[in-house]
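This report concerns only the one structure given below.
Each chain carries a letter (A, B, C and D) given by its place in the written order, and its residues are counted from 1.
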Amino acid sequence: MEILTENRSVKHHCGLFGVFGHADAAALAHLGLFAQQHRGQESAGICTTDGETISRIAEMGLVNDIFTKRRLESLRNPAAIGHVRYSTTGSCSDQNAQPLMFSFAGGQVAIAHNGNLINAALLRQKYESHGHIFQTTSDTEVIIHLLAKPAHQEKTRPLVHVLNHLQGAYSLLLLFPDRMIAARDPLGFRPLCLGKMPNGATVVASETCALDIIDAEYVRDVEPGEIVTVTKEGVKSHRFGGDTNGRGAACIFEQIYFADPSSNIFGENVHLVRDRMGRRLSHEAPVDADMVVPVPNCARCAAIGYSNESGIPLGRGFTTSHYAGRSFIMPDQSSRVHQVKVKLRVIRDVVRGKRLIVVEDSVVRGTTTRGKIGALRKAGATEIHLRVASPPIRHGCYFGIDFPDVSKLVATNRTIEQIRDYLEVDSLHFLSADGMLDCVKMPRNKYCTACFTGDYPVEVKEPFDKFSMERSQLRMFT
Amino acid sequence: MEILTENRSVKHHCGLFGVFGHADAAALAHLGLFAQQHRGQESAGICTTDGETISRIAEMGLVNDIFTKRRLESLRNPAAIGHVRYSTTGSCSDQNAQPLMFSFAGGQVAIAHNGNLINAALLRQKYESHGHIFQTTSDTEVIIHLLAKPAHQEKTRPLVHVLNHLQGAYSLLLLFPDRMIAARDPLGFRPLCLGKMPNGATVVASETCALDIIDAEYVRDVEPGEIVTVTKEGVKSHRFGGDTNGRGAACIFEQIYFADPSSNIFGENVHLVRDRMGRRLSHEAPVDADMVVPVPNCARCAAIGYSNESGIPLGRGFTTSHYAGRSFIMPDQSSRVHQVKVKLRVIRDVVRGKRLIVVEDSVVRGTTTRGKIGALRKAGATEIHLRVASPPIRHGCYFGIDFPDVSKLVATNRTIEQIRDYLEVDSLHFLSADGMLDCVKMPRNKYCTACFTGDYPVEVKEPFDKFSMERSQLRMFT
Amino acid sequence: MEILTENRSVKHHCGLFGVFGHADAAALAHLGLFAQQHRGQESAGICTTDGETISRIAEMGLVNDIFTKRRLESLRNPAAIGHVRYSTTGSCSDQNAQPLMFSFAGGQVAIAHNGNLINAALLRQKYESHGHIFQTTSDTEVIIHLLAKPAHQEKTRPLVHVLNHLQGAYSLLLLFPDRMIAARDPLGFRPLCLGKMPNGATVVASETCALDIIDAEYVRDVEPGEIVTVTKEGVKSHRFGGDTNGRGAACIFEQIYFADPSSNIFGENVHLVRDRMGRRLSHEAPVDADMVVPVPNCARCAAIGYSNESGIPLGRGFTTSHYAGRSFIMPDQSSRVHQVKVKLRVIRDVVRGKRLIVVEDSVVRGTTTRGKIGALRKAGATEIHLRVASPPIRHGCYFGIDFPDVSKLVATNRTIEQIRDYLEVDSLHFLSADGMLDCVKMPRNKYCTACFTGDYPVEVKEPFDKFSMERSQLRMFT
Amino acid sequence: MEILTENRSVKHHCGLFGVFGHADAAALAHLGLFAQQHRGQESAGICTTDGETISRIAEMGLVNDIFTKRRLESLRNPAAIGHVRYSTTGSCSDQNAQPLMFSFAGGQVAIAHNGNLINAALLRQKYESHGHIFQTTSDTEVIIHLLAKPAHQEKTRPLVHVLNHLQGAYSLLLLFPDRMIAARDPLGFRPLCLGKMPNGATVVASETCALDIIDAEYVRDVEPGEIVTVTKEGVKSHRFGGDTNGRGAACIFEQIYFADPSSNIFGENVHLVRDRMGRRLSHEAPVDADMVVPVPNCARCAAIGYSNESGIPLGRGFTTSHYAGRSFIMPDQSSRVHQVKVKLRVIRDVVRGKRLIVVEDSVVRGTTTRGKIGALRKAGATEIHLRVASPPIRHGCYFGIDFPDVSKLVATNRTIEQIRDYLEVDSLHFLSADGMLDCVKMPRNKYCTACFTGDYPVEVKEPFDKFSMERSQLRMFT
């Protein structure tokens, strides 16, 4: 037997949730994290405070497995922050599960982070050279080292001062015994929004779907370069980060793939953005066919747009399993039993003899897409025209998305024709970068499209990998 | 806090899988059961034989949680049968997890059963009165008592003789140390099909999706009233059950709700049947609207049919969670946080201000549908026209589907108008029974439609409940 | 690495506990079983009744691991029976964990059994030939088949009638919804006693140490051939089994090895019996030495007797680990790291240069004793005189003690001198059978000494092994 | 029901084990920790290095439960350090389980510590005021902060420099990727010894019993004020700590209670020390009686000495359970069921009507001893003369033993007569401090007897509790 593990290409993203001023803060955090489980399935954690002391439960696993009734009751306190994470490491260690909790001269603090600090390794080196010791391999730990520095603590606004040291992407939640703080980097890479419970409690979440599940009302987004401090006295806002010349860096890939279709992020609904991308796609590369088939699950929004715009009927080419876990034991002799089959099943009688327009949201390595195309072909599709609702991914991300090495991206060093050939489709079109940006609402300079265009919103001077946490991670956990 | 448990209305159905003649029989059974996990999530089990001795692992839980690599290796043998089950009881007992395994004068035997024996309680009473003892509360155990009876063992074909005693629905798999036997009741209530592995091994499964996942080729259905015996010498078939006057009783609800859309059962593809039901629905009760919205997940097939036939565009009104477990701890003060939200999220910007045609596959209690309708209304839908791709359910099932008490069905003692009023929709139409039967392939007298029509294919003389296993179950496990 | 598993020579014995008429029956059973954990460490179980329905929890593991607070609360009922077991099989199956629970025409019944039925296999064959089916491989299950037989149920006293069919050793506890029954075979192989709680509740236990732990008062032993029935109306006694011509078969090995030294069984205190055996030993084979060293743990009673009688001071040659589990991973290169070391540590400075009288309670295979002797020798003991407080074991037990095959007993086909040679001791003496019987209180014909003398109290006609359950066990679970 | 938790009076002590230069280092560490399980049952951990990277597994639980075969294989490396701990906190957190592992400018380091640093809180305050952050509440973490300090790293011998900052008791093991270091504080509070494997590998352990279990040869003790560095090149020794004026502080309580009787510590065998204490006791307070009864388990050594010296025969008054876990659910109505019964059972027929000399090793709170005395009295002992093989404990320990608050010690503010009265014994004698010191080998000024005499070997200036870690612990984990 061989063990077949899933080979997700895009695996690093995190979700945040916080609530201040509600007796059931831990139970609300449980629901808020559950609603954002798609943002990270490897670990989950909640920290709560009773006003004086912070408690923490965080470990590897799914939200609903970790937080039993008994554990939630042990965390029952009027304020909570939580985190879900799909780490970059694949390690089974609980040590990096967030929120992290530390003690320093100022007392206790817990922190949850979505994003990636590109100068974390340099900062860590610096603090190590000053004698600091580290317990995790997370870039998040350096933020607390910065915060604990006496010279920083003496500033009028220590956190403003600290955040000005950070480079990269960070939506943050901090919990002190008496207050909760939310912050978003000046370019606004990752989403973060504010909501309000019927009882007046303040809620913070990565996506609005976490507000919906607890009947919280959406108030507004945390602005890029904004720190929001929530105490018993109320909510205060401070700005940091200086002038970005109007530049923003909202991650367009959140709209394309990460966020839940029911969420509103960066000012608009995710499904509708994807629907528009599908419509646009139908204009950029029209083709005559019998049926538009979405590749589950993410491409369904774009496929609906494509079908409605083109008038070519939508067809259900696949069913999906709702029970798939991480790995399967495969029989030796059935080498043709591909992993794709475990999660997706072709409805053969639907696709047999048909000319298909297959809509994907994005293509990363190409291996999974290739498997799905092969399954449709084997089921008897006569033509397969692949339409991808985003441009080819050809550049790495240093801001929180864990693409594989550039060398493993299907579009690296391949022309569109070569990709078409590799994927074994009859025709192939990727949405143009222009087309993509036409489908979103904010001005173009407010988005980061670096993975598609190589146009990084922040100069990444040092060969990032050289100082990456991953190296020390290897040293600590391998 | 209160604990919110899911309130599925239809919960009893089982799935079978067997393979004979493949070194990795247990690993294949694992995959075959996984592909049929939708047929039962409460318990799962596999029995294998090495030719002399049967081994068994069966317990409460999901297929992929129970069968670890180590356990599959401990079951490595050339023949296996497996079972998934959603029991009627909600008990946490492993004792009823199938396959059941027994020892009798003829040696060892394991048995897996999908269906329901309407004379099981009477047979159990009879055997108990002859001094037999029972360890489970399953109707399945009586089959082995019948089989072990010396008078029955002396018959030329003991199993034929035994099956002739049974009344009701039964697709069965039996495993003896040296052979696997599949059987289907004379009316053919539940599906059961035969397949072949590339190496020639014989496979049996409830649905063809279990063949697809292991690259087995579909050969044919096990016929109603057929016993298929698989040994090293090959496959033999025997008939039993006598003449049914051409009557069959293929469960139409398998086509409407149970089976996976990618499966072929009763001679045709499930998705295509549902697609036709959606199309038919659009003709039976046309209505002007902006968008056709399927209620996830099951109604998507019918909604596609409705949209394509009517020309009204399909819209994505909901997203679904892939991580929902059995129960959630809910905060006290958020009483409006309904369970529906945990699994389904409305895409508000999609439905706001729209006139919707909402397509459901079936309505049982009505409570969940009502919740979903309310969520759409709250999100701003201006009109909601509910179209249900099956007739109203008004009668109990004694053949393997665990509907709630008739008194709890929304359609009992309610006119369509009253149901419309209860569900708070602007208009409501259920597919006609005629329309439903027009969408399937076999002659009308080959289907059981009793839950819709009250036309039972077998006379259920005794007040069934009076002798039900459930009573003794209560006595044994409460 | 190799895995080192413990190689206990004597592993089959069970413990019983029952209580009727106390609101905390399950919690009392938990304590009563815990106090008798030495009688069986493989599985444990408790069944309780609320007067109408029996509940059961039984699985592999130690008493205190299985019975959590939550589980005990779920079993809270006014009557309970419990069982601890060290099975003969080493299988990891929960299926045989007692008490077993069945349903038959008379309703529910649970049963717990200590002993061994020598005609169980024959009875099982008979019932199987009448069409009965079996779910366990336990000899205990046949008792319920007998009890459920209609012809037996029609007797005035069905249980009396049933017990008269049984041959062998059985102390039994049965629980019906409304009554608890204790019974002991006519020869009284295994101990069973009655006690009373301060509130008047009736208690039954294998050993009095289970009464002590719950502050129950010892009332009397259940007599050989007695059935004690406990209901709300009170306690009734019936005799069965006819005349044994004054013969009894109290297992002398219970006095030598099984029972806790604090218990009174067969009418006298276990420690004092062992102390007398040690004293007797000092007279049968006196030897000049510096120190009497007991082999932990069981031989400490006899060693104290030996030392006090001989005047040779007691020395502590070993310390024992209280934390030893079942198996250890051993480093490859340390082949001399014997398993003995994991449990026992020699106190080298105590034994170095000393002439030792080492007292053992019994020697079965001899391997463990040999290891201990070797450890003392390696630590520098100059002379080692082994004194065993029981005769050589040379015959199998068919009545509930699971000695290894006769071929593996060290005393089979070896003279005392050859055993001495094998164990590498300077001198060796086994307590004489006469001496042993002088140390216990009842007349000699009331004891079974078959393992030492071959004098079986019951004729074991059939080659027992031929029909043993173990064979079918192999068929069912291997 | 109430839950009865064990109320051990002395619960803080730890055990260390390290090995360098053996392919099975992790498996050896497993055995070495197992042999020292008596030194700490709350958590256990092992860190190993492959020469470049350190791996770690540490959590709450017993050695043999935590280290499965699979886990040991994942740790298979040629060097390992391990730790067992009974923490002062009772918290269920894994966060403090040792060895701790950190990363700093010098790379990775793991640390295991037995003892207590009396200036840890002050050092932590200082480092926190310099901006350091802490993840654990352990006093051990400050050692690594000291070590990581650049000014310290620049010293010729950084560790020597660091250890000179520490006050209190510390036997330490550090593991760097390429070396293992053992160190013992200048006063030598806790034991630490060096051994050698047959293959030449160097072993370090708290007690020699850990050498015995792996067949390692005892070489010598690590000296007070010595650092032993083990690399591939061999073993080097350095001194630190300056002159102590010949003062030592070997913890006499290790000899009395902690260490295993089979171990040699501080230059002599533990059992023989205790045997001498028992003999001495018989001279200090002779009394006429029938029997000397040890209180299990620890007092057996002293009781043997007492009996052999006095000529009064040893008797077995108690049996002990080998299966006791942490807590028991007790029935409400049996309030007289004391916890003592769960672990100890009186052999009534032995003590009834007897005049007993009961030997205890030490008395802390007195509650447990009182319970045992009461049990003997209830069983019918006519006289009970308690002899304690150590002086009354009247002072706190700041060096690694977690006695309860002084206010809870039975001997605080009580005369011997008042203690006798509280314990309800007929006569009472504690071994004199002089007598105690006569029974050990080293000069009197080499021992710490502060808990008995109040004569602290180190001035404890600050009210220790004021700055204790426990306060911050409460803040972090409550």
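Just so we're on the same page, contacts are C-beta pairs under 8 Å (C-beta built on N, C-alpha and C of every residue); 3 or more make two chains touch, one makes a residue touch a chain.
Note that the coordinates shown come from a computational prediction; the quantities given were computed from them, not determined experimentally.
Taking the definition of touch as given, a chain qualifies here only if it contacts subunit A and subunit D alike; none does. Here the repeat of A-D among A-B, C-D or B-C is B-C, since over half of its contact pairs match by residue number. Most remote from subunit B, judged by the distance between CA-atom centroids, is D. The distance from the centre of subunit A to the centre of subunit B, each centre being the mean of the chain's C-alpha atoms, comes to 37 Å. Averaged C-alpha coordinates put the centre of subunit B at 49 Å from the centre of subunit C. Centre-to-centre separation of subunit A and subunit C, using mean CA positions: 61 Å.
Listed for subunit D are no residues, as none touches two or more other chains. Touching pairs of chains, sorted by label, consist of A-B, A-D, B-C, C-D. On the subunit C side of its complex with subunit B, the touching residues are 52-55, 94, 101-105, 107-108, 125, 128-135, 137, 144-145, 148-153, 472, 474-478. Subunit D makes touch with subunit C in their complex at residues 1, 3, 22-24, 27-28, 30-31, 34-35, 37-38, 41, 62-65, 67, 69, 72-73, 197-199, 209, 212-215, 260-262, 264, 268-269, 271-272, 275, 297, 300-301, 304, 307-308, 313-316, 318-319, 321-325, 328-334, 336-337, 341-342, 345-350.
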